[in-house]
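Input: one structure, supplied below.
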Amino acid sequence: MTDDIVGQGVELMVYGMGTVVVFLALLVVITTMMSRLVTRYFPELPAPEPAPRKPVSAAPAEGEVVAAITAAIHQHRNKKSQ
Amino acid sequence: MTDDIVGQGVELMVYGMGTVVVFLALLVVITTMMSRLVTRYFPELPAPEPAPRKPVSAAPAEGEVVAAITAAIHQHRNKKSQ
Amino acid sequence: MTDDIVGQGVELMVYGMGTVVVFLALLVVITTMMSRLVTRYFPELPAPEPAPRKPVSAAPAEGEVVAAITAAIHQHRNKKSQ
Amino acid sequence: MDNLLVLWNSSGLAQIQVGQVVMMLIGLGLLFLAIRKNFEPLLLVPIGFGGILANIPGAGLAYSAVENALHAADPAMLAEFARALGVTVYDSAKDIQVAYDNAGAGAHLAAQQLALDAGYGNGMLYSFYSVAIASGIAPLVIFMGVGAMTDFGPLLANPKTLFLGAAAQFGIFATVLGAVTLTSLGVMDFSVADAAAIGIIGGADGPTAIYVSSVLAPDLLGAIAVAAYSYMALVPLIQPPIMRALTTEEERKIEMVQLRPVSQREKIVFPLALLILVALLLPDAAPLLGMFCFGNLMKECGVVDRLSDTVQNALINITTIFLGLSVGSKLVADKFLDMNTLGILGLGIVAFGIGTASGVLIAKLMNRLSATPINPLIGSAGVSAVPMAARVSNKLGLEANPHNFLLMHAMGPNVAGVIGSAVAAGVMISLVGG
Amino acid sequence: MDNLLVLWNSSGLAQIQVGQVVMMLIGLGLLFLAIRKNFEPLLLVPIGFGGILANIPGAGLAYSAVENALHAADPAMLAEFARALGVTVYDSAKDIQVAYDNAGAGAHLAAQQLALDAGYGNGMLYSFYSVAIASGIAPLVIFMGVGAMTDFGPLLANPKTLFLGAAAQFGIFATVLGAVTLTSLGVMDFSVADAAAIGIIGGADGPTAIYVSSVLAPDLLGAIAVAAYSYMALVPLIQPPIMRALTTEEERKIEMVQLRPVSQREKIVFPLALLILVALLLPDAAPLLGMFCFGNLMKECGVVDRLSDTVQNALINITTIFLGLSVGSKLVADKFLDMNTLGILGLGIVAFGIGTASGVLIAKLMNRLSATPINPLIGSAGVSAVPMAARVSNKLGLEANPHNFLLMHAMGPNVAGVIGSAVAAGVMISLVGG
Amino acid sequence: MDNLLVLWNSSGLAQIQVGQVVMMLIGLGLLFLAIRKNFEPLLLVPIGFGGILANIPGAGLAYSAVENALHAADPAMLAEFARALGVTVYDSAKDIQVAYDNAGAGAHLAAQQLALDAGYGNGMLYSFYSVAIASGIAPLVIFMGVGAMTDFGPLLANPKTLFLGAAAQFGIFATVLGAVTLTSLGVMDFSVADAAAIGIIGGADGPTAIYVSSVLAPDLLGAIAVAAYSYMALVPLIQPPIMRALTTEEERKIEMVQLRPVSQREKIVFPLALLILVALLLPDAAPLLGMFCFGNLMKECGVVDRLSDTVQNALINITTIFLGLSVGSKLVADKFLDMNTLGILGLGIVAFGIGTASGVLIAKLMNRLSATPINPLIGSAGVSAVPMAARVSNKLGLEANPHNFLLMHAMGPNVAGVIGSAVAAGVMISLVGG
């Protein structure tokens, strides 16, 4: 930062506004891509039910969570120990 | 306060009860005056709607708040600097 | 507690499980007795009203609370001073 | 076998004291009164349950980490505390406790660090008490909720009834005098601050009583709160004989003129006018009456209904639960089972009686002086105990004259009594607590 | 007679200062605007009332225990404070206050212990401020609630409108530049951190403004919050002239194509995508945007409706009450009645104006470049001020063309503006607060 | 350009570590399971989201001010910390972190003051954790809410089912034994306190597991809570094979006699009887079971419905949100990505399995010994996991015999399991935590 306060203000404006624009531009890109992906590969059923809830007994595949975490940790460990 | 505890109790009673009575008496006066002022100068429309709410778009006069605060601060500053 | 960790685990299991069983067994006894006492001596009226509330004006016997606490404290004091 | 010993030593049976049994029975008694007899159940259920929890032997739920460490009374530990507090000679943990109570904030911090390092923690109820009451927050939030539930309409229609709310506070100050007199006679042992806190029972207003005693006499808070709520529940029994004794049949039959309608604007301006008066005259009452007026303004202004609804429901309910449990933490045997508690119970009912009588007598006087008739029965409502006391006035009025509906007339002095006792609280704190 | 003196000396009338009267009038003015003119009443009722409470003479509700002890200005007490803070020469309590403000955490603790030992306590509003704002919690909880009330559907249907949310934040940074320029000209006296906090008023988002100023410029928080909420209420007056000046009649008539339906799954993934982007690019915005995304995810995911309901009702209402009172605590006369406050009010409205203009101008540009037509009126909604600014766009659109319903189209830039100003907040804190 | 460097260095991309990416993916995975698979969403949505927030690189949301200062690893700063903690030789910030963890309350305070003076602050999630979990408050409040939602009717109609709630807790203690055995074999590295906290996963009760691990093994809290809630969601998959393997078709067909009606008075007395038993036998279980009984009494007594409603809605919802985010704060990579986490996940499922088996086997035994028939399928409900486990019993009963409705019969052992694991928690804390 420069010493004089106006210079600091200008810098703050340039970097601040720049970050805001870059961030929201990236968000435009990501949002557009996300919408396309979701619409193409994970379309919802046509029925306009808001957030259809599965009955509790619709059983989750056992071990899914455990398997995922286990795999993750193993991979992480292996990387670390190398 | 006197040293003996009964004396202190008597004092507490006298000044305490006195304050309560004076305070509530003043409140009687103020309430009565306030009611008269409001009833005479700011009467409500006869319709018995409880707290009629203005629609949001019923626009407030711009700057009212700013003007009021500005005036207040100026007046205060002037007084102080004298 | 023994020094080796497995021994400590065994102890924790023995005393822990023992306490759980004893506690819940006692609770069985107490609950059964309580239910019998309530059902015999304090039966509810047949009407299936959930928690019939007394009207506020159904006046409580005056001094009940004070009398009870007073008696309790006196008894306690007497015991202590002996 | 060691483990069996640990379990046995840590069990309640091995540590129980007579006082704790007595207090648990008192807790059960309060629950009985609350549930079966409908004694102010919203407060007495949490208070009674908290009282039982506080007296569970060995759990130390109502004690701070330091107190729990002192109760363990490990000699090495005690020596460390003594060093931290600058005590050189002591016989028992009790001496160190006394030194701790009198020490400054620096020594408190040092002792707390010692206790934490040794693995002791604050009990659950102690934590609740610190957050809810010692900070002053819970009574103030309740008062805000009470404000949001209060309708000042009847008071605004007949402001003179404020005098009745003032008159009934005489019970408070007469009781202060009674407490100090008992002390000077050697019957009890109260300081002036204690006496002031006890007197406030006569205000017949729970949060005010808790607020004042948390400032002036924290040790007596349990007994004072129990007395205040119990006697408020007993208002239908305490007040009628006094009211009948002080009024004639003729007076009780007096019908009052119907109250004028009050505009919304008056109701909006009133809490602000009251606030300004408090600001100018009695800043020490500002926390209590400020929050009260804030709650009332939110209710009446009509533009923040969602805030007002939350204040009257979720917020006041949550606060009531923790306030009640916190008050219960003051029902530990070693603080409650004391002759002073009997004194407080006795003085409290005297306060209610004198307040009732003063209200009725001033109402009689006002009836003589005033152009419009005033039924003296509404004077008793000035003690507050909203809305129970107003209902009592109404009931006695109907007994004397089946066409005599005093309820709305009695609501004026009733809410005036809330203001009156908050003002009295401010004076007490100003004169005694400063 | 001594007691009468104590009472008089402790009364407000004996201690009142002109500044306090002025501030109480300003508090009443804010209440008037909130209640009669419907200026953001949910915040301005608590803020205005808190401002009155904060200025009650002698009550010290907005001050810490140390400040209250310093205000009492007992010479022996001052000497003790001076010793604790290592001050050897001082003229008045003010010098010690300055030393305290600049001291480290250790000296703060020592001074607090001194004040507590001398019987001084934290004021009620000061306690609220510490818990609600100084901790950063209340604005974050409000932001979670706002997230749970926000529908990103219109934004997802037309992501390009995010650019409008970016453009309107130019008001923030232009105002920062204005503030430092005024300082370098000697008109005002703001640090860069102050300037950043003032600029955020242009974000037209209350909790963001409060969060940023609590971090960067706590002393200015009162003025900044009052300005932010007042101008948000004034959006229907501030924006239309600017919008009309910068657009032609033809442009205002432009009808936009209907938004495509957005699936629930997109709405669930969006807050997570936004969160990841924040995590990778701007961790300093993580508290604000994290809580915002969390609230939105709870709303959209459909499996935790009971949590989402509570967040949108009880929790946000409770938090709003204490946030408002806490902001009010910053309206004490000696902090608020300052030329800087005037500067903040002036700069704040400039920020709103520039933000509005930038949004409209970029929308005009996008309309030229884009295949589908964009009505420039929706650009002004990018400042946020949800949903007021979108309604203004809609209203002006209808004026020009009775079939032109812009509301849903304007909701996209409107919520984009919330994200934009939270990002701006993160940059400010990162660059200035680090 | 300096500013660009500041922004880049403070960005997540510049600071990200592999572990953080992994943990964010795990967080997203938990959200997926919660939202799509309905795995205990009320807890796993906040936990998963909190886990992502905790691992945002450079934000330090899950760390205390001291940890954040140590992570910055400024050499001069480290030297100051070393001096404050009395460390003379150290290689890295990690050594100082270890010294800090082992230091007493006094050194902690000194280090905190250093960090605050240097401008570091507690992360948002760390603050939530301190208030909600480290204080013990949040699990206790949730337990109060669970109590207010629990109907002890089925248990009171058939108190013998309490034995099933006892039997199923064998899973807890068998797991403790497993954990210490793995440690003695050198496979894992758990202390006895760790083992006790891990075992409590078998209690199939979230708040109990969080409460116990916050006392006995705070570092493992994240993994324990995730395991407990995940396996509770998996109960419909974990239990049926075990139940089928241990029962014959004939046993599963057993119809049970209808439960007798239970009076309101019994329901009111039961929580008090339970409380007294806890007070006499196991004070260390008093906080958990005390709050549970309090909630239940509020529900049943019928005179404080407004408190009971708030406890079951606003209060438990608010607490759940902050509890979940706080648990998420323990999912930081450097604490979670550890072989111990795998051990906890493995041991947790073993605990569920053994608990289920014990319940079923004891139910078989009781069926043989008892005059009235007992369907062994209700034994598995003794693990708690209310009401999922009872539904599983019901489902398997209906499969064997379409007229066999076991739901109400299974609710008895189900709620008994809650009491059983709270008792087990008390024993653990008493024996290990003392």
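Chains: A, B, C, D, E and F, in written order; residue numbering restarts at 1 for each.
Methods note: a contact is a pair of C-beta atoms (placed from the backbone, for glycine too) under 8 Å apart; a residue touches a chain by one contact, two chains touch by 3 or more.
Predicted model only: the values in this text are computed from it and were never measured.
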| item | value |
| --- | --- |
| Given chain C and chain E, the chains that contact each of them | D, F |
| Rounded Å distance between chain D and chain F, as computed from the means of their C-alpha atoms | 38 |
| Rounded Å distance, chain A centre to chain F centre (Cα mean) | 28 |
| Where chain B touches two or more other chains at once, by residue number | 11-12, 15, 19, 53 |
| Chain D, residues touching no fewer than two other chains | 3, 7, 38, 109, 281-282, 301-303, 313-314, 427, 431 |
| Contacting chain pairs - touch in the sense defined above | A-E, A-F, B-D, B-E, C-D, C-F, D-E, D-F, E-F |
| Sites on chain E touched by chain F in the complex | 104-106, 109, 135-137, 140, 268, 272, 275-276, 278-284, 286-287, 290-291, 294, 297-298, 301-304, 306-307, 309-311, 313-315, 427, 430-431, 434 |
| Residues on chain D engaged by chain C in the complex (per definition of touch) | 2-4, 7, 18-19, 22, 25-26, 29-30, 33, 36-39, 230, 233-234, 236-238, 337-339, 341-342, 345, 349, 388, 391, 395 |
| Chain F-touching residues of chain C, taken from the complex the two chains share | 4-6, 8-13, 15-17, 19-21, 23-28, 30-32, 34-35, 38-39, 42-44, 50-53 |
| Contact set on chain C toward chain D in their complex | 1, 11-12, 14-15, 19, 53-54, 56-60, 62, 64-66, 68-70, 72-73, 75-77, 79 |
| Of all residues in chain E, those that touch chain A in their complex | 155-156, 159-160, 162-163, 165-166, 169-170, 172-174, 176-177, 179-181, 183-184, 191-192, 195-196, 262-266, 269-270, 273-274, 277, 281-282, 300-303, 416, 419-420, 423-424, 427-428, 431-432 |
